[in-house]
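Two complexes come next, and they have one chain in common, chain A, joined by chain B in the first and chain C in the second.
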Partner chain A sequence: MIRFVLRRAVAAVPIGVLVTLGVFALVFAMPGDPLRELAGDKPIPAAVLAAKRAQYHLDDPFIVQYLLSMKDILTGHFGTTFAGADIADQLRLRIPVTLKLTLLANAVQWTLGLFFGIYAGFKRNGWVDRSLLLATLVLLAVPGLVAYFAAQYLFGVELKWFPVSGVLEGFPRSYLLPALVIGVLGFAGLARLLRTSIVETVNADFVKTARAKGLGEQRVLWRHILPNALLPVVTFIGLDLAGMFGGAIITESIFNLPGLGQFMFQAIKLKEGGVVVLLSTLAFISFILINLLIDLLYGVLDPRVRNV
Partner chain B sequence: MTKPGEVLLKVDDLTVEFDTPRGPVRAVDGVSWQVRAGEMLAILGESGSGKSVSTQALTGILEMPPGRIVSGTAEYRGADLIQMTTRERRRIVGDRITMVFQDSLSALNPVQSVGTQIAECYRVHRGMSKRDAMKKAAEMLDQVRIPAAAKRVGDYPHEFSGGMRQRVMLAMALALDPDVLIADEPTTALDVTVQAQILELIAELQAERDMGVVLITHDLGVVSDVADNVVVMYAGHVVERAATAEALEYPVHPYTEGLLGSMPSAELKGRELPTIPGTPPSLQAIPSGCAFRTRCPVAVDDCAAEVPPLLTIAPGREAACIRRTSLAAREAV
Partner chain C sequence: MALGLTLVLASCGDGKSSGSGSGSGSKSEVIAIAADPLEYINPLNENGSPGIQVAMAMFAPLVTTDPETGKLQNVMADSVTPDKTSQTWTIKLKAGNTFQNGQPLTAKDYVDSWNMTAMGSNAWKNNGFFSKVDGYDALNPPTPDGATPKPTAVKTLSGLKQIDDLTFSVKLKVPFSQFGLTLQYLGLAPLPEEVRKNPDAYKRKPIGNGPFKLAADWNAGDDIKLAKWDGYKGPLVPQADEITYRFIANADTAYNEFLAGNVDFVDVPSTKVKSFKTDAPDQWVTSISSGANYLVIPAWDPRFKNPKLRHAFSEAIDRKAFADLVGLSEPAKGLVAPDMAGYRDNACKYCDFDATKAKQLLQEAGGFSGPLNINYNTSSATGQIFAEAIGNMLRQNLGLTVKYTGKQGSEITELADSHKLDGLRFSGWGHDYPSIEDYLTPMFKSNGDANFAQYANPALDAVLAKGDAEPDPDKAIKLYQQAEDIALEDMPLIPLYTKSNAYLHSAKIEPRVSKFVGVSALWATFK
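And then the complex of A and B:
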């Protein structure tokens, strides 16, 4: 098991280099001058501009800039943004915001997904099952952007149930609306997957064996069908959780939540390669970690993939 | 406890249909058989002959719908399993009547250790504690001759070989000391040497417990090795019923005869193996009258008229063939 973890960690290094290098190159290739954009319409004295350019190594060749950024990240010297904010402080403030949003949204998504998936799977072709299919199609067809703005307008502006945006009302009130929208948009896919997985498992031979053992229907469902039907769902949940950061870039910007996603959005706008690469590295590491955890969890749930 | 020779399971006139989009299909048609304590009854037939469906219907594990029991009774010591409520039936099926299936890899739950799966029988039907149940499970593994049983209770199905896995299935089925064991093609997925070991084991364990065994198979070799009596099925009907030795020696129904003829033997060495011409009929298009007549070497026009009844030719000997039963009757005169 320790060997498995180590092997995965070593394999992650070259991928990490490729990811960060690619992201840095993309930011480097973006048109526009970051310092001029920061200054807006105000003229900047040439001397100040030159000093700033030197401070952020903006005149060095691409690969030097990349290596300097990576050196800063790896040694923990995150430095400051172009606007002068301390990046380490920013991370301390912003990571909890993103975590709260992501976990709350996932809680909503998993609760709804598991509940409706199990119910629809056990009561096939019932009205819940049929409505779920319809709901999935509708939810998959609605673009996230439309849903976010519609929810802000309906529940924030008109009904005034939730704050429209910002974190002034703290946790959980300020996070509820975005989390609910993300959760509701995402649960249908999870529920469908679980439902299908249950339907496939119901016809398995070992379920017949369980019935032939004279077990009650509830015991057959919870002890024999569900543990097997959940296996593909675990993989899905892992990928989904790891992909949440990408979604946070949009949701945090729309709902004005000062998390990592919003930070990323601003950094991209300002062409701050260092910050973008730092955040990408964080996202990458969390992606690798979550996948590792999922693989370990999978091994616990399914004895057939242990020791590999 | 069972009395020696007591009829344990008696199936009478069982008819099972499946609802399909193109109308109902009759998979089992008026089938009757019985099994006594200490008897091994073989139900012989090709795939699709309805041999598995009949046992799955009476134990209540057949998916219903699309399956449907049209008529018939299946009495376990006088109590009709088919009329019972599910709750009542669960007290008998899984406890007094247990089953073993063909493919032990898919028939065992892949994410539970074999010990847990065997122990579940004791926990559900006997209300034992987890510890006691696991101890009994290890004992059962030992009884089916799994080496180092105590060490292997925690292992998972995929960690056993095919033959060992089938032993695990047997241990699970025999855990509660049942009166009747229904073994549905228990050796089909195994290679020949392991087949023989498993059959021997079933026979041994049967002798120890005086239980009735219903052995469902398509393999005449398996039948001749261990079965006392044999019921031959074709297209949902019983076509012949006899003591195994008699059926093998003097098959009455042309289908049984054809099956025997297509057994490899020393005399046939170097020659092509005879086969029954044609293929089994689709259950949606069973020929009128005798279902076998389109493949039968002795069929006459009368065979198409009506389904031949199962007639007694000699004590314990029945066949459903108007050509042979009338012939036999004439000879008897």
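And then the complex of A and C:
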């Protein structure tokens, strides 16, 4: 297993280089001058522009800029953003915010998804199953932006059950409403996947064998069907969780949560290649780690694919 | 990461008492700013509206505009006196003012702070202000492309001289009668010596000379909490005892925070212009104007050379309909904002909607061949809508073929600067100091700071120079009006509309509304 983990870690290095280089190239290729974007409509004297350009290496060729950024990331000398923020400070502030939001949102999503998925899978074509199908269609059709503002207005402004925005009330209160909305918008997909997976497994030969051996229905469901049906769901959950570590840009903006998503948005707006690459690297690393965990978990659930 | 967690958890305790319901008798207000949080407070290195807004509470300018009369009023200055030619200005400070660290405020603080800002290699944002001062070029030598500007051997502006503890003089490159007005810009506030020695160490603990000081440590991600500072002796002392600035990047979220009663003052975002009066009845105010907005015709493009063509475009635009579309707006009748001394509401002779006259002018100009391109800013929610509205008017009233191109704002500026932008675009301007000169010089003087159209006319430059050298304010205004007339005849910018800003305020405060300086929550009165 250690060999497997090491192999994965080594394989991640070239992928990491490709990803960071690609992201940096995308930011570099974006039209417009970052310093102008920062200044808005105000004129900036030539001397100030030149000094700022030099400070942020904007005069250097693409590959030099990329290497300088990577050097900063690898040595931990993050420096400051164009707007003057200390990047290390920002990470210390923002990583916990994104972590709390992601974990809470996923907790909501998994709870709802697993509960409704299992119920619908075991009681096919019952009213829960049918409502779930309807709910899936409705929830998938609601744009996040609308749902977030509607929830904020209804539960924050009108009913005052939750804070409207910000993190002043701390964890979990400040994170509950955005996490609930993310969870409710996202659980339907998970539930549908689990239901389908259960339906497929129910007809598998080993389930028939188990029934033929006279095992009780509850035991067949929980010990034979569910572990097998969960395999694709674990993959789905892993990808979903990893994706959310990149930061939920729209949610964080609407609920004014100072997480990585808002940081990423500011950096893209100002074409700050260094910051975008730093955040992409963080997202990449968490993606690799979570995938590794998922693969190891697979082995636990399914001995056939155990990586020894 | 663990450190981060404790930081955030530790900061959960405070802040709960903020919001409007304190009711303890102390006058406190929470002001929402719809922008990304500030990373430092240093007025000399700040030209954005959020930063200046906060700095305004903590720093005091030399002079300011009296919100009642619109006249210039001394704050830190005791007198500001030009010589006969308006080229050398002597500024005498009031005695007895100090910084919030207790050090007396002296002429040396101004001279040294200004020299620091004027030094190009420091890259401070208000560097450009000093380009009018004698000796600026020595501190800002041209840098070859790609080179790092080095601190120059000369460290001081030759035009800046300390005369005694409380007096200093500024010698300008050329006479400038409006210089006294420019001194109210908050970006000229002084920094005390300990901050000047190491500005980076004071990014988050500014030491000002204004009515408020930091009430608590201000770390990344915190609201900015200010408390009244007893040492401020200037005029115009705000009523508030405590002010909290809360940054909410999403303007619609900030608006919802107001509706929930958590903040006392908020800007109405463009998405709520149609609904704010019903959302918060009796709790809104509007300003007269926030500058003026234009359609830019590139002066470098020979297809638009004929002034009659430009006038034809102008006559084809139904400004009333357009202003209604924008919302909270009035049709523009000249090139300067309506709240300026020297504004004339009949300045523009080509701004009344008249399709027949427009067609006739277009014919006299020899028509316009090929499609007309209108550029709009894709990062503005309304960019495309406005472009299509103008495009439709030109198409219907002049029979032109119109196409539209959406780009990032900074890309449009860059293309225009290199003369590669095809066709028209939108622009707007708000003054830094209340003089019509601050519209005409930046936008219409050859090589002006904000000369969107890259327009140049020696006759206009000459009239502006005459106005700049005219010590009598009324005569100076007459000369600037002449410059406006020339610009309207040439029409590199077509006046479109002037827009009001709207704000919501809680029932416990009444923001100060001035015809001259707009709406202010800082100087709100408490009920």
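Assume the second predicted complex is superposed on the first by the 299 of 308 C-alpha atoms of A that agree within 3 Å, B and C clash if a C-alpha of one lies under 4 Å from a C-alpha of the other, contacts with A are read in each partner's own complex, and residues count from 1 in each chain.
Keep in mind that, in the parts below, a contact is a pair of C-beta atoms (placed from the backbone, for glycine too) under 8 Å apart; a residue touches a chain by one contact, two chains touch by 3 or more.
Quick caveat: nothing in here was measured; it's all calculated off a predicted structure.
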{"item": "Superposed partners chain B and chain C on chain A - clash or fit", "value": "fit"}
{"item": "First (chain B), second (chain C), both or neither touched by A:G216", "value": "first"}
{"item": "Touched partner set for A:P227, first chain B, second chain C, both or neither", "value": "first"}
{"item": "Partner chain(s) touched by A:R36 [first = chain B, second = chain C, both, neither]", "value": "second"}
{"item": "Partner chain in contact with A:A47 - chain B first, chain C second, else both or neither", "value": "second"}
{"item": "Comparing the two partners chain B and chain C, which touches a greater set of residues in chain A", "value": "C"}
{"item": "Which superposed partner A:K208 touches (first chain B, second chain C, both, neither)", "value": "first"}
{"item": "Touching partner for A:D302 - first (chain B), second (chain C), both, neither", "value": "first"}
{"item": "C-alpha centroid angle, chain C to chain B via chain A, nearest 10°", "value": "160"}
{"item": "Minimal inter-chain CA distance - chain C and chain B, angstrom", "value": "38"}
{"item": "Shared chain A contacts, counted only where both chain B and chain C touch the same residue", "value": "none"}
{"item": "Touching residues (chain side chain C, partner chain A) in the complex", "value": "1, 3-5, 7-9, 12, 15-16, 18, 36-37, 39-40, 47-48, 120-125, 127-128, 131, 139-143, 145-149, 203, 219-221, 246, 248-250, 252-253, 256-257, 259-260, 262, 379, 407-411, 413-414, 427-429, 442, 449-450"}
{"item": "Of chain A, residues touching chain C in the complex", "value": "30-34, 36-37, 39-48, 50-52, 54-55, 59, 80-81, 83-86, 89-93, 95-97, 149, 152-153, 156-157, 160, 163-171, 253-256, 258, 262, 266, 269"}
{"item": "In the complex, chain A residues that touch chain B", "value": "204-206, 208-216, 219, 223-224, 227-228, 231, 301-304"}
{"item": "Touch list for chain B against partner chain A, complex", "value": "56, 59-61, 89-95, 98-99, 101, 103, 106-113, 120-121, 124-125, 156, 158, 169, 172"}
